[in-house]
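In the two assemblies presented below, subunit A is common to both, partnered first by subunit B and then by subunit C.
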Partner chain A sequence: MPDVRDTYRLPADSDRPEPPNLDAQRRTRPRVTGRQVTTRRLIGALVLVVPLVWALGRALPVGHDIVNRGGARLIGDLLGQALSPRLDGDFLRLVLEATGTTLAFAAIGTAGALVIGLLGGLVLSDVAWTHRPPRTVRAVRVVLRGLLVATRSIHELVWALLLVSVLGLDPLVAVLAIALPFGAQTAQVFGDTFDGLPTSALHSLRNAGATTMPAVAFALLPPASPLMLSYAFYRFECAVRSTVLLGAVGVGGLGQELVVSLSSRNWDEVWTLIAAVIIVSALVDAWSGRLRADMAVASCSEWSAGAAPEPPGGVAPRRSRSRWARWSALAIIPGLVAAWLASGVSLSGLTSSRTRALTGGLVEDLLPPKLPAGGWSVVGDAVLDTLAMAVVAMAIAVLITVVIAPWAVTTRAQGGAPGSLPARIARRMAWALARIGLLVLRSVPPTVWAVIALLALFPGILPGALALGVYTGGVLGRLVAESWESVSPVPRNALLRSGVPGALATLAAVVPASAHQLLTYTLYRFEICVRETAVVGIVGAAGLGRLLSENLNLFRFPVVSTLLIASFAVSVSSELLSRRLRRAIRA
Partner chain B sequence: MTRPRPAIPSATSSAAAFLTSRRGLFTGASGLVLLAACGTDDTSTAGGGGDASTGPLPISAIPDQDPEALNRLYGLVADRFADATGLEVTYTSVTEYPAVVRGFEVGDIFVSWMGGLTGVQAAQRVEGATAFAQRDIDATFTSLFIATRASGLAPFDDIDGLTGLAGHTFTFGSDTSTSGRLMPQDFMEQAGLSLDDLSGEPGFSGSHDATIEAVAAGSFEVGAVNSQVWDATVDAGEVDLSDVVVLFRTPEFFDYHWLARPDLDEVYGAGTLDAIKKLLFGLDASEPDDAAILDLFGATSFVPTENANYDAIRDVADRLGLLA
Partner chain C sequence: MTASAPVVVQLEAAGRSFGGTPALVAVDLTIRTGERLAVLGPSGAGKSTLLALLNGGLQPSHGTVSLFGEATAGLPARTRRRLQRRVGTISQGLDLIEQVRVLHNVNAGRIAEWGTARSLAALAWPRTDERAGAALESVGLDWAIHERTERLSGGERQRVAIARLLVQRPELVLADEPVASLDPTRAAEVLTLLGRVSSDTGTLVVTLHQPQLARDHCTRAIGLRAGRLVFDTPIAELGADQLDQLYARG
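Moving on to the complex of A and B:
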């Protein structure tokens, strides 16, 4: 298996946080006394412990039943079928077709996101404009930024639910539900990327009299293209997972098949479909990981920090001639055409008079926002439930990460590696198992985890947190394991050579750095987790998501808009908080 | 309260491929093939035959049972509708109750088998939607409270007996089901049993089949279920019900019905609705083909109905805060 180590880091607003910029730290770090350090640690510990205790208290209310003991039998039924998935030809054909649909939706959705991202990114970046952008452009940018933040603060699944009300049962729903929030995210990343590129080429062209479009096309896009290509595939990887998730609202593909089989309790089919989801997800992950490793793109966070060691124009193309990258780039156009044909997506739904009338109707329905029966306290409770769910979910995810991720770290050949062959084989096996385990956890959509959790637990915060926690554990475990690969082995080796026992050397030299990365990624995933509570809410867990789906089911649109505003506020404030905390630990 | 909106004509037929019956794929017709087949059928003449550009007539039903059962049933229904109207008819399967109402509202579904509450919701959102047919059993429909033997609960005849469910675990069907949620919850409240008195939060299994299996497996001690689906499950003998007791049969209420969009005839040709009515009311239990369909519906005939029959459902929904 190739080493799919991730050499690609994205800025804060994408799915990965920026790595600490050590140089900048060293330059700006003020003198710190021991007492200050202790105080900070104490505050830090409180910041972590207090919410956790509060969230657990909320998730496990005293005097309420939480575990549904009767559910054990259904879970037993489910597990009992694990070794006898449904494999007859008819069903496999169905699974294959659903896989095609999922990939097609994901591909077109990603393409749409990239178009939005490219246009949005150019408008948002400063470098694309000759001088300081005119006042109108700046005003447009402020509005656009707000719109983009709002767009990505609404989860794909909620987008899909809203779009169905306007487009009806149209494949376009799946595509747009992916393209809009992903596009908003991409615009931000691309904007930062463009601004981080060296501007000399662009300026030379401009000074030589080139007009805006050609100058951008020839001087800005080529150096950005390796990054954009790897980002495109990275987004595709996420889009496949999201499309599976969208199955919960019936937009077709593997996700919908999974929902149908789950609701019929045909566990043998569920297992076949889960296997398909895992295989697809593994292949796409490996492809996109390989591409990123091959391209060895300088991380765009380094670009945006202005800390790139060499001009990226000189770094990136060197290995972008890799066969993988070339084939991948070549495959894009025919792949999209095939996806377009296979999915039956048509843009006519966007312009039809019916869509216009329905959109007008929906907007009319949504306004003015109204409070749900029960007023603010109901919304407030749902917000607190949502936060508690996210906190408990992160605790579960961290637990999973701490247990599994150490085994999933790819050890490079290094001085300290144990020598005996059986030990190496055992280590390799543990590595493969850990990697597969994490892949399974993150490939099975959280909706499915939630349905399973709801077999054994009463509806509430806990099943939702469990489902999200297990899924996030898979994502966090992989991110953290990959970041641990970059923890320098030098201090530990130095300790080993000076006679310190192995365990102690690890404790002293590896754990602090690793814990730091774990913490950074945990805070970062927390933001995303808050947004994803909508997903498990829709299958009946708790929080804003559940309230949202209840009100959507009853067509109470004025309440829906209140809840959307509340979700937006929660998601933006948790993002700001997490970013603040991340900056604080970096200092 | 949301104002009903005038019906918006359906523009495309592309939707037909979208949610085509999944298990229906076994019959070899994929969504795409169906899409490609649109408009190639020139034989449509009988019931007034719609404009060729309007595509097949999309029908649907609330997913109150397992998808397999639904696809078996509505595959047959679509065929008979096609024979009766001379149109191509596609059954659109959906995964949740509100999706049918949404589809009906936007004009992706023209004729649908609705539950009491979903029908009221749809009629509220589409001005002029008409309830035109129901089964013989639907005017006197009932729900059942069923329980596992392990719960220690015994059958009772009086509605007040429902207070005995306090302290037990309980599941509804779909959250907008009439016989699986609305009426049972109303009867529970009439008896003076609050949902808070139950053990844990009430579950929402999603469908009647799921409720029966959850109770049979002991996953929930008590469940509220549609009496017709219960009878069908007992007859089919596929679920082990030896540990399940029927506690209580609720008083009667109006429930399921066929609902048509007001622009059905306009879009698919005059006489389309009449052709469907004629087919449904003419189904004869002594004819084997008709009997097969009636059997799957758990009925012996279809009879006319009217919107006013569901006013009581509307009032209950209003009382429980389940209307927009």
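Moving on to the complex of A and C:
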């Protein structure tokens, strides 16, 4: 087919700026009235409050016992052992080995996610195609986008459950359960990253007759690489946490040891393992955070909001080559090789005839989807439980954030704000405590929080929401604190100088800006929270996750596929809703 | 230049509109090997549009544009790329890759020649071969081969873009306002360089805002105004009345 489309991009009209026609803007732009603002606020408040009231009503049914008094004693036992963790040599060796396994799984899983992300990102990005991509590519893209959304909407743990039924307890399960959903997410982010870069260099190479592949590699990869490296390390952070979670299905590492110790109620071991999880998590966070700060391209909060940050002024960010970044980049390949060798992952499991037979069998078993006993109402109840759990969990997370995050803002603790020496020291201490507190909340996997909550509370929405809420509080608190660091102190200082008392100045100048960020991240985390209800469901809380794991254990695969479809629908619609609301806030 | 030199580009009643608004209207133009053509005209006259047509990356909406004897409209992508390989283009924004070493930008000029495998290899292990070294030397940047492009000054970056052009060994060089942001000395240097490039390899088309630079460096000038060709003369006959007509208000 002859190519009749243009590849040449003319230079921007920078040499003849259009004079801004203010009159026309004034005429065409609708005026916002005070009443409209009030209405908008009211609607906003209702959108937040009504679901919360509904969810609380569902989570706290009247006339039922909530607290399990027998279990409350177990929590006492657990706490009683806090100061005497198990520290003998044998057990420490086991912990060390498990730590290695966890890190290895996380590293290989992340690497796999990056490969998927790079390839998928190129297909998804518009710049990688000359103009309108050919029809075949567009068709592939539609399918791919759907596939990526579906892959992403299934939680790592559910992936692991499904993979276990095909591969058995192979290390490959952990790796794939990380690589697939993370890869789907990465493809989305990399696609956006490519599309956000300046494209003039790419077009000029194209117009010198270069073909797509090398032109993209030359012109896009160098400016994108610091962003991609930064994202890779952010993903690795997440992968370490997820691998610990995956322990719940028995694929090895710290998470599995934790589950074993918890279920056999060896509380002293639990404490050692929790300490190990927290330390590993803290070290990885610190390393990756330092690296991302050095490359100065994106903070964690920017990445986790799901999109590549806009390069300032449309210019791709500068790559600063700190020693940290360089050594870390150099360590990637040997690290991966070591991880591969240490974890005993082998791809042979993928191609074995047993796997092939089981995969075929699984696909046959899953189709056609069937309703569980009890029909639609059971599915509907589970969906509502899931949503209620996510809403209550988010409320708990926001509560934790509002209480802890203000103390965790680094600029506030370190800034040259006035105050006597003791006051400044106290502020530093509060900062350290708040940071450590948030770290502990998010490092202990939600499965563990759920098991603990289920000791004290009867199964249902509440223990799940509590576990998820505590965990999400740790994540949200950190994100929000990090984003609050960029809230400008200038307006508040101006108020202070004009004699306004400190608290009032904060209320007027800092709170509105901060509230906006809190709201944005809350909505964003809500999406993730909906997906993560599967996790606490699997250990027995409530909702779709619980129904899913029950039916998987009973090998009722047709029901499982119904539930997967329901999870997918809930996840996608909450994502759309959250995105819609976030856009409304920005407007 | 003799009228018998081979024709490089031929426009016959060529025009281009963007969404119904004409940017270039019915231009007839023949450019022969060895010519150095200055394109003059106020902003918005259609100079960049003309260069884009000459590159083959933009299709005319009326008339025909032939490049090295082949009409550029409706070519299969592969044929179009083969033609474009013979055209070296420096656009208004330079279009350098900022975050990489100078050598990488120079090598970018050879992707089309190298093909995929070799380009990717050069990306992973950038090597200085003779051609890249010679190109940088001839623009006076041999010292900067391993510098990061974004650290260079405007004039130096301009010369990096010329070095990229040199390794491509084009038969036709298109330069869109290559001296717009340079001081007079640098501007003269750059045009001298472009003149040298094209005397080695063929033909030069350059858009300019200063008629004096055209007189010093080119053999022929055309004037564009509101998308129309208003004059086309050998440089010796470029007169004040033509320029007045070109830049007059209203």
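Please note the rule applied: the second predicted complex is superposed on the first by the 530 of 587 C-alpha atoms of A that agree within 3 Å, B and C clash if a C-alpha of one lies under 4 Å from a C-alpha of the other, contacts with A are read in each partner's own complex, and residues count from 1 in each chain.
As a convention for this text, contacts are C-beta pairs under 8 Å (C-beta built on N, C-alpha and C of every residue); 3 or more make two chains touch, one makes a residue touch a chain.
Everything quoted here is computed from the prediction, not taken from an experiment.
Peer 1: Of the two partners subunit B and subunit C, which one touches more residues belonging to subunit A?
Peer 2: B
Peer 1: One more residue to check, A:Arg354. First (subunit B), second (subunit C), both or neither?
Peer 2: first
Peer 1: Per the contact definition in the header, classify A:Gly252: touching subunit B only (first), subunit C only (second), both, or neither.
Peer 2: first
Peer 1: Give one of first, second, both or neither to describe whether A:Ser346 is in contact with subunit B, with subunit C, with both, or with none.
Peer 2: first
Peer 1: Pick one for A:Asp285: touches subunit B only (first), subunit C only (second), both, or neither.
Peer 2: In the superposed model, A:Asp285 contacts neither subunit B nor subunit C.
Peer 1: Regarding the shared-chain residue A:Leu221, is it in contact with subunit B (first), subunit C (second), both, or neither?
Peer 2: Once the two structures are laid over each other on A, A:Leu221 reaches subunit C alone.
Peer 1: Once chain A of both complexes is superposed, is A:Glu156 in touch with subunit B (first), subunit C (second), both, or neither?
Peer 2: After superposition on chain A, A:Glu156 lies in contact with neither partner.
Peer 1: According to the stated criteria, A:Glu532 is in contact with first (subunit B), second (subunit C), both, or neither; which is it?
Peer 2: Neither: A:Glu532 stays clear of subunit B and subunit C.
Peer 1: Which residues of subunit B touch subunit A in their complex?
Peer 2: 2, 5, 8-12, 14-15, 17-19, 22-23, 25-26, 30-32, 35, 63, 66-68, 92, 94-99, 101-103, 105-109, 121, 124-125, 148, 169, 175-176, 199-204, 206-207, 209-210, 213-214, 217-221, 321-324
Peer 1: Taking the complex as given, what residues does subunit C use to touch subunit A?
Peer 2: It is residues 43-44, 48-49, 52, 55-59, 73-77, 80-89, 91-93, 95-100, 104, 107-109, 111-112, 114-116, 119-120, 123, 150, 168, 176, 180 of subunit C that touch subunit A.
Peer 1: Report the residues of subunit A in contact with subunit B in the complex, numbered from low to high.
Peer 2: Residues 64-66, 68, 70-71, 73-74, 77, 90, 93-94, 97, 164-171, 248-252, 256-257, 259-260, 263-265, 342, 344, 346, 348-349, 352-354, 357-358, 361, 365, 373, 454-455, 458-460, 540, 550, 552-557 of subunit A touch subunit B in their complex.
Peer 1: Can you tell me which positions in subunit A touch subunit C when the two form their complex?
Peer 2: 1-8, 10-12, 15-16, 130, 200-201, 203-211, 213-215, 217-219, 221-223, 225-226, 315-316, 318-319
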